[in-house]
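Input: structures, listed below.
Same chain, two partners: chain A is paired with chain B first, then with chain C.
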Partner chain A sequence: MTEANRTRVLPGLPPQVRRVREPVVAIGVFAILALLPLLFSGYVIYILPQYMLFGVLAMSLALLWGFCGMLSFGQAGFFALGAYTMGLCVQHAGAVGVNAAYLALVISMAAGTVIASAVGYFLFSAGVRDSYFVIVTLALSIIAEQIAVGQSQITGGWNGMFIPRMELSLWRWKFPLDSDASIYYVIVVFVAATYFFLRWISRAKFGKVLAGIRENEDRVLSLGFKVPLYKTATFAISAGLACMAGALYGTHAAFVAPSLAGVLFSTEVVVWVAIAGRSSLLAALLGGIVVSSISNALSAITPQYWQLVLGVLFVLVVAFFRGGIAGAVHRFAAHREG
Partner chain B sequence: MGHGAMLTLGAYLMWATTKMGVPFVLAALISALGVGLVGLLLEHIVIRHFYGEPLETLLLTWGFFLITTELIKIVFGTDLREVVNPLPGSFELGTVRFPVYRSLVALFAVVLIVAAALVFYKTRIGIRIRALMQNAEVASLLGLNIQLTYKFVFVTGSFMAGLAGALISPMLSVDPYIGNIFLVRSFFAVTVGGVGQILGGTLAGSFLVGGMETVFALVSSQVVAQTIVFALAIVILRFRPQGVVTSR
Partner chain C sequence: MAELLRAEHLTKRFKGLTANDDVEFNILAGEVRCVIGPNGAGKTTFISMISGHLQPSSGRIWFRGEDITRMPVVERARLGIARKFQTPSVFNRLTVYENVELAVLGTGRPSHRREARVREVLELVRLSEQSNRPTVMLSHGQRQWLEVGLLIGNDAELMLLDEPTAGMTAEETHSTGELVRSLARDLSLSAIIIEHDINFIRNLEAPITVLHLGRVLAHGNYDEIARNELVRDSYLGH
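On to the complex of A and B.
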């Protein structure tokens, strides 16, 4: 790999200067995000963490879709599961003696992982793939939404559920996250940690096997890899992360409604990731943040035309630019380099 | 994946045409033809370049779904629309009361499925479609126009979805999202029944999915019923991916 790079680089310039690598850009992005509360205050700082969590949701889909070639229409179901878990834990687990929000984060991640492992292994071990997997995840998302609506004694039904803001605690020390800036930093740290965790996974041997599955599943299978296990693990990690992001979203937004689990939100995530670029974690993260910010800004002015533009953009990207914006940037950089 | 939107579109066209005073049967035909035309355009402009790439086709048709839903919202608004039931009232058979319109539509659906099966198994176009399904390359070597056959199938599918939307519209309030739930239901009906088994598969699949939902709805709530049926459909998909009805 380094050999190949070196031959392409002009003499006199070290490779590091000519190629800006993704983690460098990512560190820059997180640094900017960390500095924002010093420059802005008010609504921007209040709303941005929610979009960052949408970005984590987008990354969880990029792991599944971009790296392993499995498209899920059910990520929002896991996100909402996390948010509802946070609500229920804070309401009922106050007596246990530990911080209910910590408990909720652990439980939500465990719940997402367990459900995804069970459903995933059940399906992958029989070779269910491609469109069938999409439809199953679509059904999961519908089931999640219907349970959220139907079990109103637990979830509040259409009215949704109110969730108190969490607080950080360590032994005797307690720190309420009531101010927008304090929870902002907690979420920035979570998002950055998720990014580097997923990047590490994708660069490890595990990630290489996933890429192999994406490119040619049968060949990887015949090489002796236990493909169903790899796929199940990927789906489980992805779902666990989506659930944790959802739990943080619940405590930040202080409110969950069934539409968070719905098919429309699920597919919105797919649209973000497709447009931003499915094979780059950073692109997925930024896609989640940027597109949902624009959606919010424009929904006040022209909600319907914006959705229409998004739909048209989605079709164009799928038809002509598989790699999305990230793919285009990558190609442009490669072209400049010669 | 776009068929949900086609069903919705059929229902809205039905609402618009009946509103203009077009007689019911003619209005249903116009709606179905309209949706068929949309299907033809979609196939010709986009889909035909993506045969052989199922996941991309699925995403494209989903994009079509998003766009159509938004266009419907822009043109018709998001309020609920009612289509007047052309045959109100019901008849009694023994002790059970049947609503006239629903019974007629059910009968018509069965006739349509049988007709589709006859076309599929007894006509030249049917044998071409089956050849295409089994081995597209060999079929094209034998002189079959693959593009045209795919187009015919896609447009007929759109026409049927539009017709379904038009006929279902008097039974419920029409809103831009009615297609959603029917999309998953019909997909499961097809997979549970068996892909490519038009007569036995579609009938068995629809009866299993629809029937179980009704039965479970009797003992618990509608929502729980739907959840159970979806879960069962996933289980069937796992153990019999070829469907309940198979040719061998």
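On to the complex of A and C.
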């Protein structure tokens, strides 16, 4: 199929018939993000990396929900698991002789992957799908929050856990990330790498099978694909990424509390992705960044009503723009092209 | 011709109801067979046991001499048993090309041979010109054909076609018969077809098995079946 043919899409369709321009736009977005510290300083540069990590969290959900049709209310649970892992590693692993933060990134990714694989394998092999899967992920969030609250000797309970800022190191060379700009760049690189990794997945054979599962799971099964394995792998990749993003969040925010694992935060992730458009990675990323910063701004202006505003927005999108903003933009573009 | 599939004493009970009762059936490689019968005769149940979507209560199924009675759907699909459902089961929001591509991906062909294979299959089911269109934009008949294309692209050896001409125009129905016959003749693809359209069945010139209340009522070519008093009473007379 020629690339030109791929750009034309039926209105309202998830762009599996994918537009070619998205990576170009994405490169532009990352370039702008990379330039921002040269133009701004202070709070913007401090806070933006956290929103970018929310963007990664949103992309991890887009992989699961947009590509494979599995909605999860458990992403925050994995994000918090990553943050706590970072905290514990930095506190306890200093003696091992390697950079504790590196260790934390690897362990958090492994932990998320292993937990999601175990849970996913049993669920998907038993044919659990759709809303039943959603309910299980909801439970995962609650379990994560309860452990964070209950195991206070490890996690600090309601008081949360303080986490020292990580440093980069390579053999003897050490580079502390104390300044806002330095850790900003580390996170921009991580976000861009995640985006291009997920984009590569979505266009590979694996991604094509996921699209098939989203559209018609029984048919994919009848074509001889081991659907439970594909779904398990997707859940595992999604969870691993959410954990890694959480680990970086922990070291950036220097603090993690149980609410980071909670259902409320998980629901926010779903709202970002739904509003921005779940079928596009870039939309999910921008949704995570933009909607979470708007939420933050709103919560400062009107602490009582900001969640109501977000909720109404969510309902409107679900009612009128199933594909979210990305879907609407896409429909508009397709309309203009005739 | 070698025997491809054999079903022995196949019985399926749903609580009080016996949907299939001691059904015997066999099909050779490259053979086309029709299964007819009134509604509720157990035709779809029979197909579902062959495809693995239902487990028989008793009896055995052999494919190329291998006992596949307890084998799950996925593994049967990998052996080459592919099913077309009553309502077209395709990927509506993917393009026609992407639909067949998924089927070809399922065969594990090396990537440089995939595109040629997809094109070849699209040519066979006469959808080459639609290849870049989203599947939702196809006519009902074309979607039926696309699903047959999925089976071919998936390297099926035995196609289970549940009412493949449902919702088709007379012309589409005719070409569907031609397609099935040419696939059997040229590619040695076997097919078990459930149908109600009696003209379609007559044109296929394939052996017919009549099911009634879950049992095999008669077996033979079209003329033998049409002459059979029992079949007339239970089915053709309606």
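Just so we're on the same page, the second predicted complex is superposed on the first by the 320 of 338 C-alpha atoms of A that agree within 3 Å, B and C clash if a C-alpha of one lies under 4 Å from a C-alpha of the other, contacts with A are read in each partner's own complex, and residues count from 1 in each chain.
In the analysis below, contacts are C-beta pairs under 8 Å (C-beta built on N, C-alpha and C of every residue); 3 or more make two chains touch, one makes a residue touch a chain.
Not measured: the values here are computed from a predicted model.
Once chain A of one complex is fitted onto chain A of the other, the partner contacts of A:V149 are limited to chain B, with no touch recorded for chain C.
When the shared chain is aligned, no partner comes close enough to touch A:S179: not chain B, not chain C. Touched residues of chain A were counted for both chain B and chain C, and B has more of them.
In the superposition on chain A, A:S41 contacts neither chain B nor chain C.
With both structures placed on the common chain, the touch criterion links A:A319 to chain B but leaves chain C unconnected.
Residue contacts after overlaying the shared chain place A:V220 against chain C, while chain B stays out of touching range. For chain B in complex with chain A, the residues that touch the partner chain are 46, 49-50, 54-56, 58-60, 62-64, 66-67, 70-71, 73-74, 180-181, 184, 187-188, 191, 221, 223-224, 226-227, 230-231, 233-234, 237-239, 241.
Across the complex, chain A meets chain C through its residues 1, 5, 8-10, 13-14, 16-17, 205, 208-209, 211-212, 215-216, 218-227. Within the complex, the chain C residues that touch chain A are 51, 73-75, 77-78, 82-83, 89-95, 97-98, 101-103, 105-107, 131-132, 134, 136-137, 150, 154. Residues 71, 119, 122-123, 126-128, 130-132, 134-136, 138-139, 142-143, 146-147, 149-150, 263, 267, 270-271, 274, 304-305, 307-308, 310-312, 314-315, 318-319 of chain A are the ones touching chain B in the complex.
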